[in-house]
Amino acid sequence: MSTILWLVPLIPLIGAIINGTIGSKLGERLSSGIAILSVIGAFIAAIAVVGGVSSSPGHFVESNAVAWMSVPGTPLSIPFSFHVDPLNGGMLLVITGVGALIHIYSASYMHGDKGYSRYFAYLNLFVFFMAVLVMAGNLPLLFVGWEGVGLASYLLIGFWQEKWSATQAAKKAFIVNRIGDVALLIAMFMLYREFKTLNLYGDSGILTQLTASSTFHVETGVATAIALLLFGGAAGKSAQLPLFVWLPDAMEGPTPVSALIHAATMVTAGIYLVCRFHLLFEMSPLAMQVVAWTGGLTALVAACAGVAQWDIKKVLAYSTVSQLGLMFVACGCGAFTAAMFHVTTHAFFKALLFLGAGAVIHALHGEQDMRKMGGLASKIKSTHLLVLIGTIAIAGIPPLAGFWSKDEILLAAFDHNRPVYGLAAATSALTAFYMWRMYMLTFQGSSRVDEHTAHHLHHPDTRIVLPLAILGILSVIAGFMNAPAVGLHFYSDWLAPVIPSPEHSHNSGLVMGISVVVALVASAMSVAKYKSFTVGTGAKSSPVFAFFASALRFDDLYAAIVVKPLTAAAAWSNLSVERNGARGLLRLGHSSVDFVGKSVRRWQSGIVGDYILSMAICLIVIVSVVLIAGTRGGN
Amino acid sequence: MSIPLNYYIVLSMILFSLGIAGVTTRRNPILIFMSIELMLNAVNLSLIAFGRYLGDAGGQMLTIFVMAVAAAEVSVGLGILIAIFRTKDNVDVDVLNGLKG
Amino acid sequence: MNFGDIHAAGAPILMAVGGCVVLLTDLASKRSDTRKFGTFLAILFCIASMLCSYTLGGQLRTAFSNGIAVEGLVVTMQILLAAIAAVTIVASSEILQSFHLPKGEYRALILLASAGAMVLVQSLDLVNAFVGIEIMSVAFYVLAGYRRAQAASEEAGAKYFLMGAFVSAILLFGIALIYGSVGLAMKANGLELPQGYSFTNIVTISKAIHQVPGFGTSPLFLLGAVMLIGSLMFKAGVAPFHMVAPDVYQGAPAPIAGFLATTSKVAAFTILMRFFTILAGADTGAAINVVVIGLALLSIIVGNTGAANQKSIKRLFGYSSVAHGGYIVLGLLASLGTESQAAAITAVTFYIVAYAITTIGSFAVVAWLGKDGEDADAISAYRGLGKRNLGAAITLGIFLLSLSGIPLTVGFLTKLGVFMALLSAGGTWVAVVALIGSAIGLYAYLRVISEMFFVDSTQQETSSTDGASKLVAVSAATLVIVMGVFPSQALLPSFEASVTAPPVSGDEVK
Amino acid sequence: MNELILVIVALPLIAAVIASLVHEKSAKSISIIGSAIACLLSILGITTGGTIDRGFHHVFNAPWLPKLGLMFSFGLDGMSSLLVLLTTFLTVIAVIVIPAPKNAVRAYYLSILVAGALTNVAFASLNILLFYIAFEAALIPVLIAIGMFGGGDRSKAAIQFFVFTVIGSLLLLSAIIGLRIATGTFDYLTLKDLVAAGAVDPSLLRWFAIASFIAFATKAAVVPLHAWLGRAYINTPTGMLLLLSGAMAKLGVYGLIRFTLPLGGDFAESLVPLIVTLGAVSVVYGAFVAAAQTDIKAVIAFSSISHMGYIVIGAVVGDDAARSGSVLQMLNHGITTGALFICCDFISRYRGSRQVTALGGIWSDSPLFSRLLLLFTFSSVALPLTNGFVGEFLILLGAFHKFPYQTAIASAGAIGSAVYMLWMIQRSIYGGSKSDASKVISLGVSERSVLLALALMIIGIGVAPSPLLAIASDNGHKVGAAMQPEVK
């Protein structure tokens, strides 16, 4: 079993290497074939591993450790070792499963692009790093995956590298991620100082020491600091409030990339990390509050921004940020199982929506502005139907998946942190509103598509519709994996060995009722409002709308308080410290030598009389000094 | 011994410092020579005085050396100075300031 | 006046006789071109003098009623002086041709000056020293002004003469005072003159210092000693009596400037070494030591800063000679303080030899690059030399690096020797100042190297006319490198043998 | 065999001499042969062969100036054998990849081979005076290279570089002589035992600690003493720059590990907090200044200040893991920055300019070159699975438990490195392809193989650093477990 564990990351790696090196010579069919097969291979291996996990007594499967970094003479030795248990087993399935679907989808979506094989190489590389991140047996290896996915997202966002905006977005994504990564790095050092090891599992692993907290007491101050730093890392990767600005710009990359990385997998790494260290977070109430409130605020801010976007992919991007905010609300309120369940369901319907949007854009030959869409329902029926399913799911209308997972989060928030529940409820209302707005603007109403594109609409082929269909089915049935109200709690039992399942809360009926009402009312309002939408009338150019459109002006805020001062500091340090300071020192040395030299040269006046005079004077001075010193010294 | 030794020493020191003053203030090379000769003779005086007082022939022997050397020095010096000031109209040591800095 | 005495003073005698012979043969032969023969003759005498002093061996001997003392140190210095004279004569044979100057007198003057220097080097009695200094100086005045047609050389000669005459008067006054004070002190304390020594003999002086209480600080002796040291400092070109060096070295023709710089330094420092050894014992030593260290540091600072962004390269070498004079004095004083006097004096002797080779070489390069009667004095003339005349550029580069004390050159070992002497004598602060001085000096020399190599220029290719000075320069450069890397094989053993006995100090005299 | 080091040093020198005599065409091939053999032999140096003496293998002694106490005494331990390998490796690459300037081919190869050989002497010497002589003599070929073949204001750069570094080393000389007088020997091993036994008076050791720190900090360009680096690196020809930034800058840190800490006595220990703080400041300062540059060579030059900051922290913090990481990072920095400077040289040669504003479109024109450059960039940004990460991670991990704040600041420097490196890459590689044929960077066989070799080393060390770490941990500092976080 432990050797299959190695297959999960290695097959995509081999696929990436093949595509990366000789891909361009293989031609589109073969290179996409290799990429898809390698991810499917990983998916099958993942299924086998998960099977092994559920059958094994300790509910985990470990690989043998291959030495990586070890310094002889010190206790430090970090191996390549993988450990799969129910928590990351579930994620592994999502990553490889959804990944495979998206690979199939992009085979057709990216058809004709000159960097075809390079794209698939990057995509496979991403799956490899994501697998390493999730399955890592120790923190440095997790960090390898953590920055690896950052690298993959940098490469994929900046895939169309002629576009300046694309490379700019890629750079922005990597740097903002790096800020989070540094927080994670420092958390690692603190953990090493506290627990004397970097291994997560095994007898002396950090998590085992945490569970047996009776033998190992960590004062809350240190626990809070580590927890907050971990959350800082998670916020960077999962685009939470201070560091979410990179996700909307990441839409510059190809749509399947947004689907895979910026919806289903990479952005959820932050939640995985927090859930993995849930014991540490539970040790410090302050950290839980911070996580909850940051999640709540991010959700609300992103939802508001989502309402005012005209670009179809930006809407989905802000929706992702908002949903991630909700997941962190769940973590903040102690419902880690609910968070992980929402991660899973969100992966399905958000991937569906993104791929659907991709199909729409593909059909309209790259048009992304919703003001130039409308009335497509009749033209691309299958896509329309599946996007409808996705919209219903995300809007939280029962019986689809979104409702069940979001409801549990609202329930947990309601029990533990009432104000944050308010934020979450408002967010879910807004979510329903802007998702239906997107659906209405694209598929219903009068067609605003210009006749040229409308004339030869590009009908998506099976390789695009098939993944959509599968995701549609999953969005429908996934909800029933964990619907406690209806008595189904398969998912929480599955996670039980790692995260204790939440106790039954008595007011689940009330919360469920509220959320259903909220969802339906918001959806109805949105449908009514955008049924007959024409470009002129619809666009209320009210200041509030504009304020929301620019993501509450966070970009300008960061430009003012972060980017400008740093560039000024760089310019200052280069100019005044480097040019004048350091080299000024050299000039100072130079000029002082000159000054003394000049006076020496002036003393050398060239007139013999002066020379003899100065010699006489010096002689007299020396004589007097010696006489005084000599006689006084003598007696 | 009619005149005590330190009278001679003081006299020679006075002559010596007069010589130094002459060398430093005068600008005509000939006068500078004369001042240097004055200094040398001041030294001769003190040598003779010491020799006489110590009853040792060393002082006189050195004085003779001094005179011989002074003669050689002056002859060479005059040769050089004449070579220089043949072309220049006024005889002024301060003219020699080509080499400086 | 037995044969032993003549043998002891053989070296200077041979040089003096050589001078006269060269002068006479020049007069006798009508044919204008006696260059080959005259040079050969002069070199023959130099070699003879070298052999004569080498055969004296290392152990101590006095001659001419203790007027002169010959020992390892003196032998080494005499060989060095003879070598310098020979090399200068060889180096300047072609340049005299281009200057249209008479060659006979020139060689005679060089030999005579060197003879004077040798007399000074081996003198034990101050009178001998005075005579030696005068012979050397008078020859120097004429040599400095040898190129009468050129105003600069004339001016150099005149200046050197005026200052030289003044300083020799001061020297003489010093000797007179010492003569008087020693005589009076001996008479007052009832000590009679040691058999066969005169009052002005260094041995008597040291006997007076050691045996007459309070003599070391008596005003008369102190005045005399200071005057003596001051005038010797002038000859050695140590600040504040350094004004002569830059002007004269710039004015005088290049090979002559080289000769002046090295011979006066070698002679002056040897007699200073002898004088300081006897002073070191006396309590006057403390006062004079402090003052002389002050002078040394002053000359290091003055020499190095003066050399920074100089316009003329000969003047730069002038200032560098002031700085190195300072280092030698520091090495001298530090070495006398320590108990391992012999090793320390070896280090100082090695420094003097190394400095002589480097200076001769440097001025030889300046002469080598000179054309149609002008030696390349302005540093701007060296711009881009690396491209035009790589050989000359590398040679000069080696000398500059050696002057700044960069490893793998002999300059580094000398700097190392001085620092070791200083630090072992406990002079840490003095060492720090010396350190800063050598850094400033490095900056000054580097500017020349950068002019030669790092700046490209439009000047055309220079044809090197002067084969002889080229030979001297290149051989000096190789010597600088060889001595820098393997000094023990090259020269040190000869020192080892020569400086067995430290210069005579009063105590073993009855 | 003991004469191994002598052969490693002598071979390039002999090659240099032959190259300077023979015709220009074959000068390059001779230099390559000479330095390549030396490089292979230095691989042999890593194995512990020849006579062993107190932790050093291949020990070799021969008198040079016995009276002065100056001996040819060589010895290698893990750290110095790695650095010797790095130096010879960089020499080979510098000779192969970078074409010599037209007018002075022989002088160019001469300066590189001599600089490499002298640096190796410094790394392998067990006599502190021999170390000092090599330490300073190695500056001469660099001075000549900068001066004769350098860029714009090369003469000012050459002088400032030389004078600044020599002043630092003069202090070191005075300290070395102080030790010699107190103990009567220049031999490192006896000195080390004497100091350990407390037989040397502390005030002298204090002066040695201060003076040697200043000299080595100047060489390693720690912030206040880094003034010479900016102008010097920009104006140095790339071939010599590989050696200057790759190997010679490491002499500074090597000196700290080898001489300042062991011989500096307990005063050197009290200096450590200051050095670590300066290291952290260098990291941040280097990042800031690099971000403000428009010339890509300047960006890489100032990034070296940042990287050296990490290495210095690792070297002095006294933790075994951090020190081994620091030694490995010296190797990594040599490889990565060397590769970046080579790419920089290609760009300026094919595109005619190093200014970022004039570049762009290299990605589509020359695919292989730009992908390799991207890999080198990410190695410089310390991306995991590249060599940069391993060194940096170990340094920061080891340094954290004693200096948490400085380490936090230093790790924030990683953000800075991402900012300026990616900003440089974005403007120089990506963007519209201005593909006229002359500007396409076409790599010859040798250039391609060198860059690929460097790329392989970057990934190789990133994935499997343990063998190198094992060698690197043998650096003469067997510190007791106390310094480690005590393992329960």
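Per-chain numbering from 1; labels A, B, C and D assigned in written order.
In this text, contacts are C-beta pairs under 8 Å (C-beta built on N, C-alpha and C of every residue); 3 or more make two chains touch, one makes a residue touch a chain.
Computed from a predicted structure; not experimentally measured.
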**OP:** Count the C-beta pairs in contact for A-D and for A-B, then report the pair with the higher count.
**Re:** A-D
Subject >> Chain closest to the middle [Cα centroid of all protein chains] >> reply: D
Original post:
Counting in whole Å, what is the centre-to-centre distance of chain B and chain D, each centre being its mean C-alpha position?
Top reply: 66
Original post:
How many Å are there between the centre of chain A and the centre of chain D, using C-alpha atoms for each centre?
Top reply: 37
Original post:
Cα centroid separation between chain A and chain B, in whole Å?
Top reply: 97
**OP:** Could you tell me the distance, in whole angstrom, between the mean C-alpha positions of chain B and chain C?
**Re:** 26
Original post:
What are the residues of chain C that contact at least two other chains?
Top reply: 158-159, 162, 166, 170, 246-247, 443
**OP:** Send over the residues of chain B in touch with two or more other chains.
**Re:** 23, 93, 96, 98-101
Original post:
Multi-chain contacts in chain D: which residues touch at least two other chains?
Top reply: none
Original post:
Which of the chains touch, listed as pairs?
Top reply: A-B, A-C, A-D, B-C, C-D
Original post:
Taking the complex as given, what residues does chain A use to touch chain D?
Top reply: 67-76, 140, 143-144, 146-148, 151, 154, 158, 161-162, 164, 167-168, 170-171, 174-175, 178-179, 181-182, 185-186, 188-190, 192-193, 196, 566-567, 569-571, 573-575, 577-578, 582-583, 585-586
Subject >> Contact footprint of chain B on chain C as seen in their complex >> reply: 127, 130-131, 134, 138, 141-142, 145, 148, 151-152, 154-159, 161-162, 165-166, 168-170, 172-173, 175-177, 179-180, 183-184, 187, 193, 198-200, 246-248, 250-251, 310-311, 315
**OP:** Write out the stretch or stretches of chain B touching chain C in their complex.
**Re:** 5, 9, 12, 16, 19, 23, 29, 32-33, 36, 39-40, 42-43, 46-47, 49-50, 53-54, 56, 58-59, 61-62, 65-66, 69, 72-73, 76-77, 79-81, 83-84, 93, 96, 98-101
Subject >> Interface residues, chain C side, partner chain D - complex >> reply: 386-387, 401, 406-408, 412-413, 416, 419-420, 423-424, 428, 431-432, 435, 438-439, 442-443, 446-447, 449-450, 453-455, 487-488, 492
Original post:
Within the complex, which stretch of chain A touches chain C?
Top reply: 590, 593-594, 596-597, 600-601, 603-604, 606, 608, 611-612, 614-615, 618-619, 622-623, 625-627, 629-631, 633-635
